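Take a look at the structure set out below.
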């Protein structure tokens, strides 16, 4: 069973979330039409893991780009313009670009992985939460005791969605 | 109420799978065409059998393709060369293809053989250095002496494409073997 | 491990492949060059250069791997015209070579600046980067009016539209000479490989040969104090070296230095034999063989192999 | 999850893919090519290998030896024959391009008959010979051979001799035509050296060459041979560097390469040469006495000559000084200087200068004594008059194109129109051939037998053999073949005079006869085979083959002043027609490589232009590309202006060779022909056409064209392209 | 804070749901005018770009006016122009995101779309430019049995890599930023559109966790894209500067090109914003503040651009070498394109000086004219650089001229149609104004503030 409480004001919703957290209610999530400053703190979200992906992507890109240049240049040696086969300045440029390319792609991957997208069917989602309502969902055993707290925080409406 | 991604995308995903399968299929088809099915055996104006001439009768290649060791091109024998032997071979004189040969001879025409092994115009393959380097005719042309009708056997020479040339040049450590200007100019 | 280190050191050596097996070099004596343009037509004949027609020529799209440049000096009546043949300089540090994204142009082990037609995708960057403007682009697929195409050199590829091309130092002749030399297990002799322009030149202004051979004619030319490279300041290290015209400068004073202090040239003239008697056959192909008569009955054929 | 329908769909997708792949593979296959075997291969047939044949280049009378590269029965490339004494392995642009003549798309492929309306229909040799031979036979038997005129050129070959024999047996008249003939030079050599023939000029061993108008590096006589020598002259092995002075109103290719270019007023060259000779004679040199002249009557002083020629006097004095101190000087005369109204006098003075310099006998050498005869203007007039009176029944034009090359003012077109039957022997529908009743398609020189004695000579006896390098491309015959067949068909004296089967048999018999004449003991067949291989037969001049120079010629008279057709007030400029190395008199125009070849000095291709001195152009407010009308007494042409710093302000120069009315797609209607401007003026002594003696006027038409010109800016703009600046 | 917020909306703040309605309605309700415009624009693209291109592929690049001197021409200068135009999106979305300039939020989506589409158009010009477009894949490092790889030493390969990266990063950037808005569109639609947007938004729900991750990822993107954008146009400039050609071989080219790129991109944004206001009814979201800020940016960029231009000419003049001096002289005075040079100076250096006036800065119609003039100037700048330098390199004998042919002019015109077509498609697929970020700039829905 999931409890869905809809709020018209972001501070009310954040207060509710904070209150739930203080009570130690688990399974709380906050749906909002805009990113809410304070939600991280209210829901206890730390620094995102995405940055690890970005870093990894960058490193991978740098190594990959440089390796690509060196490896391809030494497969079929075609000297040009009296330059050495491994020419650093141009290869560093390629390395730079591939760093960013892989960094970008890995960030995208990280985003999907960390945000757990694409999402499966979500019965607790209400379209209004993408317009102007802030919805707090409480799933699992905490739902019963959460209802009071949510009402106290000023929820406009509260509905129950039976778990699927 | 939300709508799930995969639920929404079911038909799209199906379509994608079909598309991916089609692309993979196309690759397989193309590869198969080049790698398995593409033994190229054109019909020649005269059913000349290398099996009989080179195989059973053990005529050396360079008896007819006399320029292979001296020139860029191996050369096909002139009608005169064919007739030169066949004049004396009265026992096969009545075979239909021999009759054809003598028709050409009497009309004073050359025989328009169909090229089996061919390289593009921007490749300057030269027979001489290969023969001088000890490459067997069969290395590129296959066991011609076993062929009734000459075939470009794809398993032997990958349709005479560049990777195959390069591999051999690399393995044999040919002088300037990996220089583009050796073949392309 | 050490091999990897060796390889790396090799790959990191600047001027990789400056140690050429042959270093084909051309010396053009501007004092001998009369600007007659025999070389230009010889090049056109040898290398299957198309006839582009008047319209395209007016648009500046002529295909001449070798051209004569002309520079006037002074005004009438003290005007003077100078010629300089300009062709691919086969620079050791060629700006064009770094430009190509697909390695269609590179430097080979003979010191040639190679252009691989079938690899070219036609970005034309090499032509933009070339300070000598000796790279030519096939704006169209050129055709020959029947039966002019029968003249085409079978040893040279006919290029299609969208492909860059340029002087190759007649690499087909070089390859032929190297082939012959390899059969006899020797190096290519001086004068054995001659590009069409050098062979045609009626004043012997163009000398071609291997710079690595100190005895070659071209090596001797390089020692001439008049030797210089065009646009030397660009540091391209061309393989085409020019010998400056020895005419006295126009504006300069009376010129007696070439004249007054000569030894008895009439005597030396007596001893001089014409060059054709000194005997050197620059033809790259096999000569008419002994006891052979030219024949009329050459077979007509589409492709004869 | 996976329904059966889905599985079918997936399978179908994969199947379509495989099919597409197979199809792609099939489409991507290289096209089928055939490999045609030979029937009976020629003994020297070598697929994929070059065969080289030494033969003769017939693009100009220089007679260079060439080696033709033949692959699979097709001529591919021309190189100079290194063993040939004329060109010593060199070639010129025209020679290189001569393959374009062989494979020209507009070459005649069979005999053509005029349809009477300006067009031609294909015919056969039988028909063609049948149309001509009976007429010849009739004329022969009626003794009216004089009603036949043969128009030909000036080669010294067995082929020409066949024509000669033919004309002689028939009693026909022969006209030897050409614009730039050596007639005046021959006359001068005869007068001054007592030598019948053209002397051999040894430029290679000279240390000072003074050339009066002779563009020996461009288009004069034997450009390749002289260029070879010029290479030696410039940077010879012994370290000496010759000094070249060019005296001419328009800077030719030789003028470009000269150390000094002196733009003398046209027609004053003779006076200049004589003044120099007189000045040298005045100096007490050891050589002066040997000439046998005390002084030269009528010679101007250097200052007077300089004033006459419009040159700075000190330059002339410098030149005299140079001549006096030179160890091996050589003076040449020719080109426009040999084509004025006073041409023979001019060249005689030049030859006199050579004698004074003691060059005659050293740098000017005896040569094979042959004096080709060229028709004087009076003979052409005779032909024209005869045609006007209806006395010309048959005209045979063999390999020349007088309607293009010679001035319209001679009236040749009208004469050909009035002749009963005109037969042209040509490989191309040239201007003249297009005006004929029959064109008999001839071989190019790659397809037939002939020989040639080089016109300018080599100081040796050398005969170049011309042999076929490949099978005939079309149904053509050589001029000799046609003459032989005509003779045989006509019967009578003609058949007796020329009893040969074909050109090969004729050439061989001529050579065999020469062999006998020269008293050579060797086996002829072996010797001839050797000549076939070498392409040329060379021997030192034997006694009697060359007249020795005589020392007893009288001192030359002062040349008459320059005279021109046209009044100076009405026609203010002197027309200076010149030949470019590629186009020459017009033979190069049909060769696409030559059309596309930028002119050496101006870089103009595909067309004609009018060269003007920049100061003249400024005066007339003309810029490059402004079309002007150039008019003379004889006619007018329109061509774009090109400002050229190397031409006198009172001279305008135009290239010859373009302006064909026919001659195939590359030549037809391209440019203009300055020959049509030339007045019918002849040299006073020899009667040869004086093609540099016409005055013209300029008129701006207001039209402007963009010339096909490859050069952008012809100044170095301070860039060091021509080498580092000298320190001194 | 609230004062700025008020400034951002000329006609008062909309409510949250109004934002959703306005933006999504603009996306879903399509008038016949839109279709007519789309057909005209696509037709123009087909007629002026695709048709001449196919013709050019069949006959060869000779259909263009390039010649032996000017081997590069309009195609390459257009390529640079379009790459330059693409720099707007990066500037607005990345630079201003990092500097937390809130006014960017209503306009950055379209700016990013500009980036994407002008990059695509630029990439098209690469294809149009090369001689054998059917082999253009050889510039990509894909494994092949011949072991033949691209030459990574070539400035063109830098280009390939840079554009590839930039295109990837830009598309990822705009797409990821649009996810929440796709979800909003999904929620308001039914049937097939709902299915499509459901897939496109990857099931976005707007949970705190998703917002949190998006925020992080987005910031990283912004950080990655800024140096990328700078490098892309530097690299494009090195196509020129790495050559020896006088007039192209300038060390200042990288900053010059980057500055010019941002300049023309910003001008492009002004044009596009005017269109969005006029035709899409976004006047409520894009107002005085935006145009004022954009104009100030333009003014600053114009001054920098002018400065670098002067530097370039000065160094050419002061270098004293004949090559450089001649090249500059030819460009500004002697060549056939001197008037184009001065037109460029007029449009890009002189005209923007009027932006010192606030009245002009805030007048949308005047700004439209100025922005178009600036872009015409920047288009000609690239053309002048190519067309006045390449025909005159080192050897005077081969000096020539270059004039674009009809095919080139037509393809140039057609490229604008291609861009327009792509943009027209964009406004019907993407919410052209970022819904959630506009909401962020509204007064927050707070109980406390509402009560106090």
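Note that the chains take the letters A, B, C, D and E in the order they are written out, and that residue 1 is the start of every chain.
Throughout what follows, a contact is a pair of C-beta atoms (placed from the backbone, for glycine too) under 8 Å apart; a residue touches a chain by one contact, two chains touch by 3 or more.
Computed from a predicted model, the values in this text were never measured in an experiment.
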Shared interface partners, meaning chains that touch subunit B and subunit C: A, D, E
Other chains in touch with both subunit A and subunit B: C, E
Centrality ranking, top chain (CA atoms only): C
Identity of the chain that, by mean CA position, is farthest from subunit B: A
Centroid comparison with subunit D (C-alpha atoms), farthest chain: A
B-E or C-D - the one linked by more C-beta pairs in contact: C-D
Geometric centre distance via CA averages, subunit E-subunit C, whole Å: 46
Approximate Å spacing (C-alpha centroids) for the pair subunit B, subunit D: 52
Geometric centre distance via CA averages, subunit E-subunit A, whole Å: 29
Chain centre separation (subunit D, subunit E; CA means) in Å: 63
Junction residues of subunit D, two or more chains touched: 33-41, 47-49, 710-711, 714-716, 719, 721
Multi-partner residues of subunit E (each touching 2 or more other chains): 69, 146-151, 153-154, 157, 202-203, 205, 394-398, 400
Residue list for subunit A, restricted to those that touch at least two other chains: 73, 76, 78, 80-81, 83, 90, 118-120, 122, 125, 127
Pairs of chains satisfying the touch condition: A-B, A-C, A-E, B-C, B-D, B-E, C-D, C-E, D-E
Subunit D residues within the subunit E interface of the complex: 710-719, 721
Footprint of subunit E on subunit C - complex, ascending: 56, 59-62, 67, 69-71, 86, 95, 98-103, 119-125, 127-129, 131-133, 135-141, 161-164, 230-231, 234
Subunit C residues touching subunit B - in the complex, by the definition given at the top: 21, 106, 108-110, 112, 114, 116-119, 155-158, 168, 171-172, 175, 179, 182-183, 299, 301, 304-305
Residues of subunit C defined as touching subunit D within the complex: 29-32, 34-38, 40-42, 44-46, 51-54, 57-58, 60, 62, 64, 67-77, 79-84, 145-154, 196, 199-205, 226, 228, 230-232, 242-249, 252, 254-255, 258-260, 262, 264-266, 268-269, 272, 274-276, 280-283, 285-289, 291-305
Parts of subunit B lying in touch with subunit C, wherever the complex brings them together: 73-76, 110, 120-124, 126, 128-129, 132, 175-176, 179-182, 184-185
